[in-house]
Amino acid sequence: MSERPNVRIVALLCRWCSYAGADLAGVSRMKYAANVLPIKVPCSARVDPQLVLKAFSEGADGVLLAGCHPGDCHYLKGNYKALRRFQLLKKFTSQMGIEDDRLRLEWISASEGSRYADVVNDMTTKVAKLGRLNWRREIAIEA
Amino acid sequence: MKPERTKPKLAIALGATCSGCDYSLLDLGAGLLDVTDQVEIVYWPTGIDSKLEDLQAVPDRGVDLILFDGAVVNEDNLEMARLCRKKAKMLAAFGSCGAYGGIPGLINSGSPKKILLEVYQGLPTRSDKAEALNFEGEDALPKMLGQAYSLDQVVDVDVYLPGCPPPLKLVAGLLTDVLAGKAIPKGTFYASNRAVCYECKRVKENKSIDAIHRYHEIQPDPTRCLLEQGIVCLGPATRGGCDAVCCTQNQPCRGCMGALPHSEDSGAEMMSALASIMELNNENKEADYTGIFDGLNDPLGTFYTFTLPKSILGRRKVDQS
Amino acid sequence: MKTLQFFPGCSLQGFNTAYYRSAITLGNIIGYKLDEIDDWNCCGATAYFSISEERTFLANARNLALAEKKSKELTVACGACFASLSKTAKYYTDSRKLAYLMDNALKEAGMVYDGKVKVRHLLEVVFNEYPRGELAAKVVRPLKGIKMAPYYGCMIFRPVPAPIPRDALEQLIQLAGGEAIDFTAKDRCCGGMLVNNRPDVGLALVKDLLSEAQQKGSQLMITTCPLCQVNLELYQGAVNRKYGTDFKIPVIYFTQMLGYAMGASAKELMLGSELINSLPVLQGARVSKN
Amino acid sequence: MKIGVYICHCGTNIAGVVDVAKVVEFAATLPNVAVARDYKYMCSEPGQNLIGEDIRHLGLDGVVVAACSPTMHEPTFQTALSRAGANPYMLQMASIREHVSWVTSDPVEATEKAKKLVEAAISRVSLQEPLEKRRIPVKQSVLVVGGGIAGIEAALKCADAGKKVYLVEKEPSIGGHMAMFDKTFPTLDCSQCILTPKMVEVVRNENIELLDYSEVREISVHVGDFKVSIVRKPRYVDSSKCTGCAVCSTKCPGKAPDEFNLGMSKRKAIYVPFPQAVPLKAVIDRESCLYFQKNICKVCVKFCSADAIDFEQKPEELELGVGAVILATGFKPFDARRVSEYGYGKLPNVITSLEFERMTSASGPTAGKIVLKDGREPESVAIVHCVGSRNVNYNVYCSKICCMQSLKHAHLLKEHLPGVAVYDFFIDMRAAGKGYEEFYKRVMGEGTIMVRGRPAYITDVPSKPEEKGKLVLVAEDTVLSTVMRYPVDMVVLSVGLEAGEDAKELAHTFTCSRTADGFFLERHPKLAPVSTPTAGVFIAGASQGPKDIPESVAQAGAAAAEALAMMGKGYFELEPYVARIDEDLCSGCGICLDLCAYNALERIPETGLTRVVEALCQGCGACVAACPSNALDLDGFKNNQIMAELEGILA
């Protein structure tokens, strides 16, 4: 990444796979964009769509959901629910004019530190292309 | 003359509304007469012969209760909302439009400008497409605001009476409380704190659905939960108080009573719930969920019919163009 | 009828038209069409390569960028082209530095490459895209009793191995009715350019291959790479002179072999155009058939 | 609300990139922050005391530690809090090492990000509530999966500690790969001789229930009480009667390749896997048994004096409840066929290291003679290292044992056939281990020719007369940097170690993950090498990664210790993260009921509303996110807490 994009990406990471994967990226000293702001959740299935919408309305330019690979969910079947919710939510957010690249779901296992770094970098570049979302400004009450 | 003065003053004002809420009051039937006996209606354009001046004439905070129905989409609505706030001791967001933005709130799914043009010029039935809109002069159209707002997004609101229209027993409830001079804490909702399902008599067995059906596509079993039959019913995410009137009529709930307490966004709540139980029996590594929501072409319209302005995102992203 | 975006490379157009022609003919039989990419350039293999590998990647970046415009896949028949193209594609995704260099080079030419192209060798396509049963059903002229040496050459498996089992060619030979010898040298070096600039090394390598083929009694050698074909066939004389051997083994392409078994005419496959005519061997099969 | 904020330098790990002073200064300005400090090593004793002091003197009720990842030190600081009398769950960590200083090059960006994470932690902690760990009783029994050396060792250790142990082995006998070896490096003591006593002990020990010829079908993961269902395959021999005399197999006409000798010899349809097998009981293999195939014969029945033969035996299903699980499912040798250029499977005298082990073993197919397929003794043998290892086309990792194994083979060759010429082809000689380097020196001293180079290919095609009838290895001797041809009689391929075939399913059954190369993933590479993310499931031996015998044994001990510690405590402390339901908000819509993978949600018959069965709740929060009336919430991960963190992070 040549230019330093000022976009902010909230990453909701399941604590068993993806957060551990992010830790591994750290332990392996992989450098990636500082734009990503991690939040630890017990499972990708804990992520309430409201949280995602809130993130956007609070000023996030992108939201990354990450969980264990299908079949590897620490809670057996949480990530399937996350996947289905994501699909429906995505339909809605695109109706609301939020570009595709701003909302993303990835399976990142505890051993995929490099994958985490790559996803973050890739997403940062893509979101940076779209620029800031500045949601709050646009629903500010006029008059 | 004396009792006259002691009569509490009532006004019913309108924003962007179909006035359905007003008319629904007529369902009080003879009851309405009792009301009119006990209160002095200072302003109710749809009900009695009254003019804006009548309301303006009242001293500030001179009206005990103002029911404001309708969303705020243009400068007239805004002006009226502010006037009501000024004149009212207690201001009630009356109906789903007042409380959440309601149907007019759906203009937030696009840009007001586009919608104006569509309505006033784009309509296929209009011959004079060329005619320009005038927002100036005598017969000027009120200027549109950037988007639609619920009443409490533009002025302070004391109580809420959601519903499209609000269930009569709740309206009666509010009036009785006011007449009884009962202290009503700010932000009170005249609605249930539990979801519609609590009032819905349908049998709930097993919430896991394999397909979503449009209402006309199937013959729903009148005794079983509609959602379990694959019909998108917003009951679980919607305030009760309506006695599940729609579901009782074999119609899915469309969410007019709005989000439950502690919940900011009934639409998101419902999407999450629905997606959670969809294909629930098909959770395995090979499961392919692509296209399982193809039956739901318009989540926005389906889950935010009445609540878009009050939802978390509130409106569609404004395209920079 | 699949359409395969195709990179012929210099040798298929020049010295080894037989390979190109037979590839097209085979396609007409089993159902693919070769769609040559416009304005492709040298794949940078051979000499180029050993002088500046980086240049090779840049040259290929252009080919890949061209390819990407049309499709995410690029099929190649020449082993050398396959090696250098697939290598470039792999390194583009693996190495940030090379990706950077390639992007810049392309920018100069006002082109972009997104790293999406999958480079495939024709052998792999034929093997993976068409069920063996289906292919076998098309065989009308089984090459009964012909012993063949399946020779992959070194490039199909190096450095980016094509996703096929190491006996893919054997399987194809068998379904064509032929008999594949157990050719331990099947993926060894044919000498490449060394036959010219280091004959002592190059010819020795050619000799090794031929002698195993001969000792195991193969009447035909089946290749998947034009360079191998040339080295194995053209230099048999030189090898014989140098080592006092008596090799005389025709060397043909797997496309010709399959095409022939599937009933295409020698002409359509340019069979017989070799220096060591393969037709007597192939026709030998037809005779012994009944 | 009084919050203390503590920023760790972690030496230079954090302070080297993040401007700690700035972060402290910033934190101090935030609401509810009573004190903000930094310290070189927060996890150190003085660092922890710092927190303790402030809690006592300033009466902090919330603590934010910005340091390494919570995965690393959350427990440490939680303890620090409780020691000081605060509730351990009033802690929130901001990972400014793994998530900031280690991954961000630009100090400015790093400091900014650190600030954001700290602010988020502060606004979250101010909404956190005191929580109590849940105590789940732990069953006093262990399930050990796999009867190789690691499994045996772990089983014995647990049994010696007086715990009930179920040892499951899918083969008819325990012993695993070690039972197949002849000698062990570097001490060269006989593998069987040191293993068999342990194998026998397994059956002697009354605390161990050996479930041979059995497989784990499924397991329901409930911490402290795993419900395991095991299938016992039919031996068609009544183990309680069989004496292992093996008369049956001497008489049996049915023949099949002998698995234990890797098919180098034949065994009968009814057979005892190997002389030292445990249990020493016969087993019938349906495929080669004439009775099962043609419904004839029954010779075994005639000759079995104990009349133990029972053709009617059916697969048996057992249900167990155990408190801990130790996975010791071992490895699978790399399939040498995949390296086509070495011609294994085509060239008769190219064999694998394991086959060589059987050959040199006195009880093996050749009764300990090293011979070629035609029975001749080889005059020259080549040993090839790293077959399938350290190679992008197969496995990138080093299989660790092959170097020593190859050296051992070189030695054995010299021992069995004094005159033999031995070539040892290696890439790098990795002899790290006690007495290993010495052994390497010794073998070199014995005249083995070391060739530093990986053979390009092996062929039986001679290019000069002296190569006739030989196997020719063509390799570059990288020391002489010339390509050489080595004609030999026999080639031994030192095949690498791979994760077992069933590793994938096992990982899935026991809900533990695997590394990219397929071996089981430990919870922490340094600090929890035998634990898995699933509490109560431990790993030992080569199922976690290539290992030699001493390491496997050591690891088995460690796994046993972990399991015993858990059982010794008697209860398992479960994080207090459970779903709670507000019955005044629940409408009984039932959305949540079927979502729960642990059936922790049930309908209250009287009211029709939902209730949470705390003991079963694992705290994933799937129901919480689904609940459309926000009646459900998750302790420790409440909606408002996550929202607060979100607002803080985006502030």
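Lettered A, B, C and D in written order, each chain numbered from 1.
One rule holds in what follows: a contact is a pair of C-beta atoms (placed from the backbone, for glycine too) under 8 Å apart; a residue touches a chain by one contact, two chains touch by 3 or more.
These numbers were taken from a predicted model, which means no experiment stands behind them.
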(message) Quick check: more C-beta contact pairs at C-D or at B-D?
(response) B-D
(request) Name the chain with the Cα centroid closest to the overall protein Cα centroid. (result) A
(request) Tell me, please, which chain's centre (mean of its C-alpha atoms) is farthest from the centre of subunit A? (result) C
(message) As a quick test, compute the distance in whole Å between the mean CA positions of subunit C and subunit D.
(response) 44
(message) Between subunit B and subunit D, what distance separates the C-alpha centroids? Give it in angstrom.
(response) 58
(request) With chain centres taken as the means of their Cα atoms, state the distance from subunit A to subunit D in Å. (result) 31
(request) Hunt down the residues of subunit D that sit against at least two other chains at once, touch-wise. (result) 595, 622, 625-626, 639
(request) Name the residues of subunit A that each touch 2 or more other chains. (result) 48-50, 54, 71, 77, 81, 85
(message) Which positions in subunit B are in touch with at least two other chains?
(response) 263, 269, 272, 276
(message) Let me make sure I understand the interfaces: which chain pairs count as touching?
(response) A-B, A-D, B-D, C-D
(message) Using the touch definition from the top, list the residues of subunit D that touch subunit A in their complex.
(response) 69-72, 95, 97-100, 102-106, 109-110, 112-113, 116-117, 120, 221, 507-508, 511, 513-516, 521, 533-534, 577, 595, 597, 618-622, 624-626, 634, 637, 639, 642-643, 645-647, 649-650
(request) Note which residues of subunit D are touching subunit B in the complex, please. (result) 584-591, 593-595, 608, 622, 625-630, 639
(request) Write out the stretch or stretches of subunit B touching subunit A in their complex. (result) 75, 78, 109, 145-147, 149, 153-154, 263-265, 267-269, 271-272, 274-276, 278-279, 283-285, 287, 289-290, 292-293, 296, 298-300, 303, 311-319
(request) Quick one: which bits of subunit D touch subunit C in the complex? Just the residue numbers, please. (result) 338, 340-341, 343, 346-347, 393, 456-461, 463
(request) Going by the contact rule at the top, pick out the subunit B residues touching subunit D in the complex. (result) 193-198, 204, 206-208, 225, 227, 235-237, 240, 260-263, 266, 269-270, 272-273, 276-277, 280
